[in-house]
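Next up: the structures, one after another.
Below, chain A partners chain B and then partners chain C, in two separate complexes.
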Partner chain A sequence: MQPTKQNTFEPKIIAFVCTWCTYAGADLAGTSRMQYPSNVRVLKFPCTGRIDPVFILKAFQQGADGVLVSGCHPGDCHYIAGNFHARRRFAVFRKLLEFVGVDLNRLQFSWVSAAEGGKWVEVVTDLTEKVRSMGPMTEFKELAMEEQWSGAINTPELQEAYNSI
Partner chain B sequence: MSRIGVFICHCGENISRTVDVERVAAEVGKMPGVSFSTDYKYMCSDPGQNLLKNAIQEQKLTHIVVAACSPRMHEKTFRKAVEAAGLNPYLCEMANIREHCSWVHENKEEATVKATEIVGMMVERVKKNRVLPTITVPVTKRSLVIGGGIAGIQAALDIADCGHEVVLVEREPSIGGHMAQLSETFPTLDCSQCIMTPKMVDVANHPKIKLYTYSEIELVEGYIGNFQVTIKKKARSVDEDRCTGCGVCMTKCPQKKIPNKFDQNIGMRTAIYVPFPQAVPNTPVIDRDNCTWYKTGKCGVCQKVCGPGAVDFEQQDQLVVEPVGAIVVATGFDLYTIDEKPKGSPIKGYGEFGHGKIPDVIDGMTFERLASASGPTGGKILRPSDGKEPKQIVFIQCIGSRAREKGISYCSKVCCMYTAKHTMLYHHKVHDGQAYVFFMDARTPGKSYDEFWRRSIEEEEAVYIRGMVSRLYQKGDKIVVMGSDIAVGVQVEIEADMVVLATAIQPQKGAELLAQKLGISYDKYNFYSEAHAKLRPVECATAGIYLAGACQGPKDIPETVSQASAAAAKVMTLFSKDQLEREPIVARVKESGCVGCFACKKVCAYGAVEEKEIRDRQGNLIKTVAFVNPGVCAGCGTCQATCPSKSVELDGYTDEQVIAMIEAL
Partner chain C sequence: MTQPIDTSIYAAITEAIQAEAHRILAEGEVTAIVGYAAARRKGSAQPIIITDAADSVKLIFTPACVNNLAVYLTKAKKDIPKNGKIGIVVKGCDLKALSGLMGESQLKREELYLIGVPCAGVLASTVCPDQELTGDSIAPKCTECDAHLPTGCDFVPAETLVTPELERKYAVEIARLEALTPAERWVYWKEQFAKCIKCYACRQVCPFCFCEQCLCDRNKPQMVDTTPRPAGNTAWHIVRAMHLAGRCAGCAECERVCPMDIPLNLLNRKMAKELKELYNHEAGFEVLDKGPLNMFTEKDDQSFIK
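For the complex of A and B:
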């Protein structure tokens, strides 16, 4: 890849966060007027326990270059144990992604509490820099594209099938 | 077809400084489904909200996105406004373009693009939002209070004084708890019995309080507003309705040498007994383990002498079910007994202090009983071994507390103050005696506390030695205390007549079992956990259950009473409405897809998932599916992410909504 092209590449980062800790931590970063790259888009969930691994796959499919999952520190969960369930789930999920061939550096898990505006900035900045140096993530997107094209109804066979219904 | 209205807020200059709000409004206006898009200086202000309401009515909007500050700030404000305009409040979403955009970025171009995308995400999300009706749950306006110590008594009286019925359950034969055992209380030295017993009588006489003593909680079912509590009334062997409390049975009972737990086992009682003379209710209990009639089938003296015929040897344990709407847990504390090392517990004993082996090494509560006018010595400080007055007495603080290597790292909070009180009581009663105190730090935060502690040194001549004790041993009739004075840097050896250990405060034994029945969480020491350490200190994470007193952590009396009143206030808040309203962000099961694996039930921390049988018209079982009780569900959504067949959905955070947001990117 040419150096100029790499410089212009701006990664897309999607963050799945829980509302009680990390979302509030990100709010704190805002109220403290801290600065971080604008690449991140935040999706709020009640708890990290709600975050389905499918969402992460979907995010990669939709062109995300990096995904961040962040919730309350272990033991601090607003819902008693949701983050423990999430932690277990993602420990397994990482193995699966590794097997599939996804570079795990694109996927970051962290605990950011409502008091850690600074940590939020750090985590987002680090991930953005890391993913920027890695370049775009294309595999899942291309697969999705293929799927979309193959699903078009204008092939003669399909047309015939539809007509016969 | 949705007609979405998007409202972009300038937030004065907070947003518009780095985000080109007009451009965002124009871009968003072109998005499919958006039929109205505008920007305004202050959306949350009165004119801003009116703009929103008018637009809903004039433009016939069906869904609303307000792009402004964090939803944690103003989501409620805008949802209320939307509701006032006739829309379901859950059809309104906020896009956070202040905390997550304008405040954290400086480049106006980047921030504008990001803001547009954030709003776009929320537009796609709101299309999938459903009308959610507010969930109402009926409230049974009766309350259960577990524990009849000062915390339980205070909470019960406060709730009952408000006109709501209270069921007060106490494990021991009398209410009063540990406070009834104390001699005097710091920092005023007023007699504990004098301030406690009137409250106990108030409980007994209150028309709204139903008192169950010598009873335990057997089972708790249900959820906030609708608990069903099964109480086990242990057989008292004395008919409470017939007994007049005359006490003749106790004077005639031939078994007179049973150690009385209330007197820390240094006083004696009979087999048919009340724990202390001021007991409420003043109805005796037969201790079946020590009663001759139960052991040999002979005796029955109490039955013969009882005028009203209240003694009933045949009485059985009874189970009573009480419906209640709220539960206050006030089970209090227990003292760390240092001579025994609890089995399987990480807490190590203090064998080096000879507690339980040397009779004149006692704990603080035993000293209270010795100093109490109603105690076994009539208020005289006498050695348990030979009944002599101790002339040299050593108090050792932090026994068990603040000793990480021994298994407890917390501070028991009250020991510094009660030891200061003990030195005073001792000096008042033994004028020629000398008190020594080994301490690490004197922790005296509280109104008039430090002054009290200073008084024990300056006026009551207690000698405070900063340092810990390594060993105690018996030498003749003296106890040699070997310690160090770290202020001077020397080893200290004192030949004492009596040693009082300020042992750590621990939760009641079996506290974790009660917590499991109630479904509340507890920490590694078995203290019950509050919902939030700072902002919700009296509520449990489980809705409808509140905490009062030392069951949550070591506390002194004023703190316990304050927390009990706070818990009562929380109960009364709950009881102020007939129906409990709650956010409809709860999980719902799609029964057609559910295969009944109950993975959701396993991960639910609240026990909200129940099993529901689906039957055909003939009553044959078709399948068993999960059912989420909306009264119990807290809305975390862990069940949804766990469900293998995707048959449970968290309203407000459905897969559809999330996928729509991701696809908008």
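For the complex of A and C:
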């Protein structure tokens, strides 16, 4: 990538939030006129329990540089236990992503209540700055660009055969 | 590592299985038995379903009996138990899968007659099915087996097993990968997943992949790209590992059937290790009402959440 482009890199952050707490918290930040980076794209879900790990994968595949998942504090779930289930699921999912080789600094989980506009600003700003310093997420995008495993000619015999054509 | 493994008791086990199968079929206790029979090549074995007591002499148990027969009671074949009680020959790992299926209400214990097999191990590959079972030729899952002797079955041949201590192949490989940087691991898995041809053999053979419509087959919305290209392959294998987390019994059938030799069970073992560390859960013979990801405690670790 050209240096000029690197300097203007703006991270794309996808935030999966629960409608009862974090969405209201983000709304509060807005109505209180707090400033936070516009890099975040908020997607509203009924509950963190509705957020399937495959959404996070899909976000990365579609070009997200960072993903934020945020919902109600434990015990405050509108559906009583959705966030408890989500907590276990994401604890395991991030271990899986780590094992496959995804940098976990790009994936942030948080509890932000409807009253915590300030915390929302802090979480979003922190993640945006962290991802900005890391540069674009290229792993999943490169995968999408690659056609076939057999496309690479990496053995001397194959290279020789190819050259002789 | 060419440590020989004693399989001399397998002949006695075969006889005991045959005698028991004959008895329960003749007495009408079961309507059918799922077991192993000799296949055409010398030393090889294949699954068989017998319904006649006279056929019980066909049943065998050898190191080539690699299949997890639990898969014959799920999916398209889930009507089979409705025809009466079914006998099934199970190794320890297969029994863990059956226990998991019972916990998920896919099978009922009273519909089954379990014939447990004390198993010292099976072959990793059945390319040469009549080879000796040694520390080299044994399936990697058997090097970590903690379930050589199934318990809670209706019948287990009374044979004494000798199981030598072997190098734990998955644990060694997981430790090697964990020591790498995320970028190095990504390179490793990228190469592995790129081999995938999306034949879905791993899904078809898995006793736990019993969804009538797989998330990965749906196209509205399409969550996972279905073409055998690197992006969709990676997503498929991550989703597969995630959906099996806390459920996988470790029978390693996915890895055995993979035509491209992707180390699929490595992902499953890693998830099992994490679940053991996080929630002290291990697949076992006990039938659990809820798996580790279907329940929670208020004190679960949340150090990773801001």
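Methods note: the second predicted complex is superposed on the first by the 140 of 165 C-alpha atoms of A that agree within 3 Å, B and C clash if a C-alpha of one lies under 4 Å from a C-alpha of the other, contacts with A are read in each partner's own complex, and residues count from 1 in each chain.
Heads up, the rule we're going with is that a contact is a pair of C-beta atoms (placed from the backbone, for glycine too) under 8 Å apart; a residue touches a chain by one contact, two chains touch by 3 or more.
Computed from a predicted model, the values in this text were never measured in an experiment.
Residue contacts after overlaying the shared chain place A:144 against chain C, while chain B stays out of touching range. Using the contact criterion defined above for the overlaid structures, shared-chain residue A:110 touches chain C, although it does not reach chain B.
Legend: residue contacts after superposition of the two complexes on their common chain; A:17 is shown touching neither chain B nor chain C. In the superposition on chain A, contact is made by A:85 with both chain B and chain C.
Of the two partner chains, chain B and chain C are each touched by A:58. Using the contact criterion defined above for the overlaid structures, shared-chain residue A:101 touches chain C, although it does not reach chain B.
Legend: residue contacts after superposition of the two complexes on their common chain; A:74 is shown touching chain C, with no touch to chain B. Of the two partner chains placed around the shared chain by superposition, chain C is the only one that A:123 touches, whereas chain B remains out of contact.
Looking at chain A, you'll find residues 52-54, 58, 81, 85, 89 touch chain B in one structure and chain C in the other.
Within the complex formed with chain A, the chain C residues making contact are 177-178, 182-191, 194-195, 215, 223-224, 229-231, 234-235, 238-239, 241-242, 245-246, 267, 270-271, 274-275, 278-279, 292-296, 298, 300-302, 304-306.
Those residues of chain A lying in contact with chain C across their complex are 52-54, 57-58, 61, 74-75, 81, 84-85, 87-104, 108-111, 123, 126, 139-140, 143-144, 146-149.
Chain contact summary for the complex, chain B toward chain A: residues 70-73, 96, 98-101, 103-107, 110-111, 113-114, 117-118, 121, 521, 541, 585, 603, 605-606, 634-638, 640-642, 650, 653, 655, 658-659, 661-663, 665. Looking at the complex, you find that chain A touches chain B at residues 12, 14, 19, 23-24, 26-27, 29-31, 33-36, 38, 41-47, 49-55, 58-59, 62-64, 78-82, 85-86, 89, 121.
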